[in-house]
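First chain A sits with chain B, and in the next complex the same chain sits with chain C.
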Partner chain A sequence: MHSSGFFLNDVAGFLGGYYTFLAIMNGIAAFLLWRKKDAPGWALVWSVFAGVMMILASLALSASKSMVPALPEAVRGLVNSLSGPVLYTLGTTALFTGLFVFRKFFVQPMVAWSVLNFTLLLLGLSMADENFAAIVMKPDNVPIVGLVYLLAFFTWVATKQAVVNDERIKQGLPVVEKVNDEKVLVWPDLVYTELICMVGVSALLLVWALFLPAPLEEPASSVKTPNPSKAPWYFLGLQEMLVYFDPWYAGVVLPSLVVFGLMAMPYLDFNKKGNGYYSIEERKFSYLVYQFGFFELWITLIILGTFLRGPNWNFFGPFEYWTPYKVEVLNNVDLPQMFWVQWLNQPLPRAPQDAGLLSQIGFIFLREAPGLLIMGVYLVALPPLMAVTIFRGFYAKMGFIRYMVMSNLMLLMLTLPLKMILRWTVNLKYIISIPEFSLNF
Partner chain B sequence: MAEKKKMSVADILAAARADKQSAPNTEKPAAEEEVTSVDSSPVESSVSETTPEPVASKTGSSERPSVKDILAMARSGKGKPAEEPKKASKPAAAKQPAAKKAASPNSPAVSGAKKNVQRDTASILEAARAGTKPGPVSKSEATGFSKPKAKPAAKKTAKAPPRPVPPRPAREKTVKASKVSKTEERRGFLAYTVGSFMAVGFTALSVTGGLFSMGLARFLFPNVLAEPPSSFKVGSKEGFPSGVVETKFVAQYGVWVVNADFEGVQQIYALKTVCTHLGCTPNWLEAEQKFKCPCHGSGFYKDGINFEGPAPRPLERYAIKIADDGQLEVDKSKSFQEELGQWNDPASYVTA
Partner chain C sequence: MAIGETIRNSQIWKSIFRHPMPLDRRNRIVVMLTNFFLHLHPVSIKKQGIALSFTWCMGGVTFFLFLVETVTGVLLMFYYRPTLEWAYNDILALRDVTSLGILRELHRWGAHAMVITTWLHMYRVFLTGSYKPPREFNWVIGVILLLLTLLLSFTGYLLPWDQLAIWAITVGSNMARATPILGYEGPGQQLLTIGGIDMITDGSDARFGLLGARFVGEETLNRFYVLHCIAIPLAAALLLAIHFWRVRKDGGISGPL
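Up next, the complex of A and B:
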């Protein structure tokens, strides 16, 4: 918890500037729209919005905590009580699905501008909450907020071009990239742009370094781990994966598979369309698989790890105070335990004390039989099964080896969401658990 | 010499390089002319061919030596003005630039002639200013252009003398004897020389490398090893009441000393403060009666058994015993893992 002095100085003052910035941004947008004369209605909407933002700015700068515009306490409480890893994942999945299905609607500039304004306004209103502000305004986390917006913007631009192209292809017109294929020179066009970017980014880094100093902590100690202990932001997806897997799998095998899979992509891709221009309709499978892996299994996990994982790596709602004493029931059991003890009601098969190595290994195989069977079916039996059912066309076009590589990479990628679901629903720790040899899956 | 006042810095330098006794001013301008005429445009070169004449006329001779002549003179050591070379030099000086121009594809004259064929950056820029949009040369287009370019390049390499093997008088004679043996012997000599250099080089490298790594390996066996003793005393049994997790040894030794019930037996044992998932140090939460890891949320009961989060196996125990003086002594050199059934070992606990 923070004193209200901190809040008034750091957060309310910032929010005053923030709302003013929103007002100026929308004022400029309204002015440009009005000059273009093709959307006077929108110009009016954004100028009214800019006026509202100015009112919010003056309220935020009123130096009184009760006047700072904020979300109602009830809403914050509801969000806190609802939020959890399951709802977060389901919510982001639903969000991405909605954005994808209604992409023709969302690529319209005015719709996108409305969404941007809405999220920025929501961010500002949330910032009035001390707990939210403490996390989001941490010097480490400010750039992550920026990155989220940057990523959203680039994705929007690419999707917009893809939607336009898809529409043109449907009408039998050449794609935009073919029509508008003006070439520019590396020198001077590109090099000058790069020079300007270099100067701009250097200036930005200077300002960043001055205003968001790197947090210095106490000297490192091997017997003291900070709580929460967080990886650098770009590895937070990896850290989140480690919650569900053994280190060798989530820390070594899966990241290597990500790199290997990205390298294999050009060799697995048999679709000759979509080369040199944006298109979603012509490469739906590739697009969806890639975006699922990137957004769902990497970006959302980074955001989860940055903003929603608190002390003891517990899940905290966005407006919740990060207490290290939060009690969460996370008991989980391995599949052998579940199978032998809970379902068959008998003790785990265990080798006698004086058994030799071979007999011990035999007992381990017996104990892990259900898990090994499941994984065997998943990785060995499923690819051929898919080849004759849902991926029939793929198999015909790709051939045996390419199809096998593709299907196995996809199945291994899907182990992460499947394992997460199993952990949440049936409290399953590991499907195969051989701690004797540090082999757990 | 009366002409000395006409000498530029370049002339003086040239004169200094050439033999001092020779007439410096007559030589350098020719050399200079040669250089400038190569670089200049056709129009300029025609001017430069005529310009030196007045200067030359002052020396009393219309001829001027070329660089070759100057070098020849310098080598000969004699400071003779050398009238004969001079006579020959003028045509050479005049012709050489022209010949060079014709031969080298890079000279402006040639590239100007090629303008219609190949688009260079300047032409593209020119066209861009005019309003049209010619693109940069693409790969497929470039293959068309590369052909004419290849010829002059080939000429150049042909013209350039092969990297000379230092001429040796003794060898020269055998070379003249037969052409076949000449090439063979040269190759053999080359292989021999290069081979022996390689052999010496790699031998030296491997010897140095071997010695270096042996020196490095020496660091693995230090003379003095400043490690804390692996076993230490934590006090008498009475200091560890039942059901209490003692955390005061964590900072120094990385050990929790616990007095608790394990499988029906009241034991005092020392738990290693390393999470079995990825090696962070968990915290003992008194209110929840569990060890909780801050990195990925693994949780352990008071007896060290894992029950939540990703930790695949229980915390490890260190060896503990009652020392001669009645105090408890923890030995970190030995650890016991539950999943291997080692917690039954009496060395892993002390009965409370």
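Up next, the complex of A and C:
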């Protein structure tokens, strides 16, 4: 769909306010830096940036196609043509890895502020695109934008303190939380904070409710299926997993395992350090596992499922129109098919017509032998193997049962990224495919 | 004499508030011990534990949002009837006719915010290692509360009875159809047969139990309404009480040992 005059009229007011907000935000930042006198250069940078934002605000308010600041058509086209599930996943992985490895650089306030300004500017420029705005401004999708910025902010807050603490631990000093361990009275120190918090949240909620009407679509009709049909946003990570797994695993077993795994966490984490203060170095393993699960396998999948999956659950670039006629080639193959037909050049093993139940089951086992073998090795042989190699220390400290629970939970968690990679590289559909018992994996 | 002084010295005031104004140290301690709403807190607390950069306030905000949802939810129940005939029209009226229709916005955005603040609270508890002994079991209760928050939001999603609602619930509940053994499209459902008759059909499987019908219909609306307004909030309220109580009993607000 091409930008129509109506769309720009609708979005101009919002963008005008948005850029003005960015200008005020940076103006305040510049003022505070100027008063503190330790970074006059940065004060200048942000006041210039604030000025530019004011210019963008007035341009946006013009609501004319040639004036409203937007990403060039060519850039949007390039982003659309480049983006896909593979690049999205690899890109976010690279991003998280980079942020983690160079965390000492990114926690610096001026670096973080620059990143924040960059993403906010990019968001504003993207909002001038009709297709982008149509998805992001859907009332129920707005909270996700908030979630992304809140997560980024709080991760910054936490990492900043962890970096300081890790440095102190290295120098043999007590952590910051330990240094100021004086006690204060709850009245007034805590109850006033709580009161201010309640007032603040109420104000925010009221403003949100006043400016953004709750969605109400046409009356429910069980015969008119919308395309795409999506679950509520917080379950879209699970819906995205349906691309790689059948519902019994993606929709029932994996979510149950997530809940179980979260509950089991305090009993599996035998590391006594890092209790009650921010630290990364002292508990790198549990930190990385949690962050991988939370950011890679939950948040990024929700964003993918919400913003980038359109009709027929096809992938759409951020500036692409959600046409229901997009065709994607589906040439995924099951492992038995690959093994018997493509590699051994013979038909799939199949029981004769008059075979009894046991013989039929036997033939199923034969047909699925490669997949069963792989899964057997993966879930049964790998844990003990890891116990004597990479997890030797873990095994010694955890004991048999705790180690087995942990290693199996980890391996089951990794089935998702592994299946993604197998799908992208060799078009694998199922490792085990037993339609006779509705058991596909 | 100031009128305020007279009121504070009256028998009525003194019968309600069993302590003088919390202006000096002694009375600031007394107020925490004698006020029902405040006795949830300790009298004194680690300064570091309540620093905003350390605690983020997300647990408290989540509880506050739970209260907002309860109040707006009860008010919305006066306007809303969970039947096929009225559900959609009542929501339409809340949007177009009812003076306090903004209650619905507050309730919906409050619900989204509550999901987010629950995640953030959990994230903070993880990052400070506060799930470690002696707080292991309170973390487990927290995980159940997270689940209840999502279920509250999910059951509420159906109530407006528009296209968004019914299809989101249809997509979400279709998963239950594939429950191993107990869903009629799930692996191993063939195992539960007696005398060649399937026990697990689309009229008896896990999804049917969730929806009260073979598809999302009036029975589902009623079922989700009761779960949303009565069953899950009660369960959540009980677990919240235990969650808070255990914060106090399991070593107080988190901090270095």
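What we mean here is this: the second predicted complex is superposed on the first by the 413 of 441 C-alpha atoms of A that agree within 3 Å, B and C clash if a C-alpha of one lies under 4 Å from a C-alpha of the other, contacts with A are read in each partner's own complex, and residues count from 1 in each chain.
Basically, contacts are C-beta pairs under 8 Å (C-beta built on N, C-alpha and C of every residue); 3 or more make two chains touch, one makes a residue touch a chain.
For clarity, every value in this text was computed on a predicted model and none was experimentally measured.
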Partner chain(s) touched by A:Gln171 [first = chain B, second = chain C, both, neither]: neither
Contacts of A:Tyr234 with chain B and chain C, given as first, second, both or neither: second
Touch count on chain A, higher of chain B and chain C: C
Which of chain B and chain C A:Ser66 touches, first, second, both or neither: neither
Partner chain(s) touched by A:Glu182 [first = chain B, second = chain C, both, neither]: both
Touching partner for A:Gln346 - first (chain B), second (chain C), both, neither: neither
Contacts of A:Val223 with chain B and chain C, given as first, second, both or neither: first
Partner chain(s) touched by A:Ser433 [first = chain B, second = chain C, both, neither]: first
Chain B versus chain C as contact partner of A:Val191, first or second or both or neither: second
Contacts of A:Ala209 with chain B and chain C, given as first, second, both or neither: second
On chain A, positions contacted by chain B and by chain C: 182-183, 185-187, 221-222, 224-226, 229, 239, 246-247, 251, 438
Chain C to chain A touching residues, read off their complex: 22, 25, 28-29, 31-32, 38, 41-48, 50-54, 56-57, 60-61, 64-65, 68, 88, 91-92, 95, 102, 104-106, 108-110, 112-113, 115-116, 119-120, 123-124, 126-133, 135-137, 139-140, 143-144, 146-147, 150, 153-154, 157, 160-168, 170-172, 174-180, 183, 185-190, 215-217, 254-257
Of all residues in chain A, those that touch chain B in their complex: 182-183, 185-187, 221-229, 239, 242-247, 251, 311-314, 324-325, 327, 329-332, 353, 429-430, 433, 435-436, 438, 440
Sites on chain A touched by chain C in the complex: 140, 143, 146-147, 150-151, 154, 157-158, 161-162, 174-178, 180-191, 193-194, 197-198, 201-202, 205-206, 208-210, 212-222, 224-226, 229-235, 238-239, 246-248, 250-253, 259, 262-263, 265-267, 269, 271-279, 283, 287, 290, 294, 434, 437-439
Chain B residues within the chain A interface of the complex: 121, 124-125, 133, 135-136, 250-252, 254, 273, 277-278, 280-283, 285, 287-288, 292-297, 299, 307-310, 312-313, 339-341
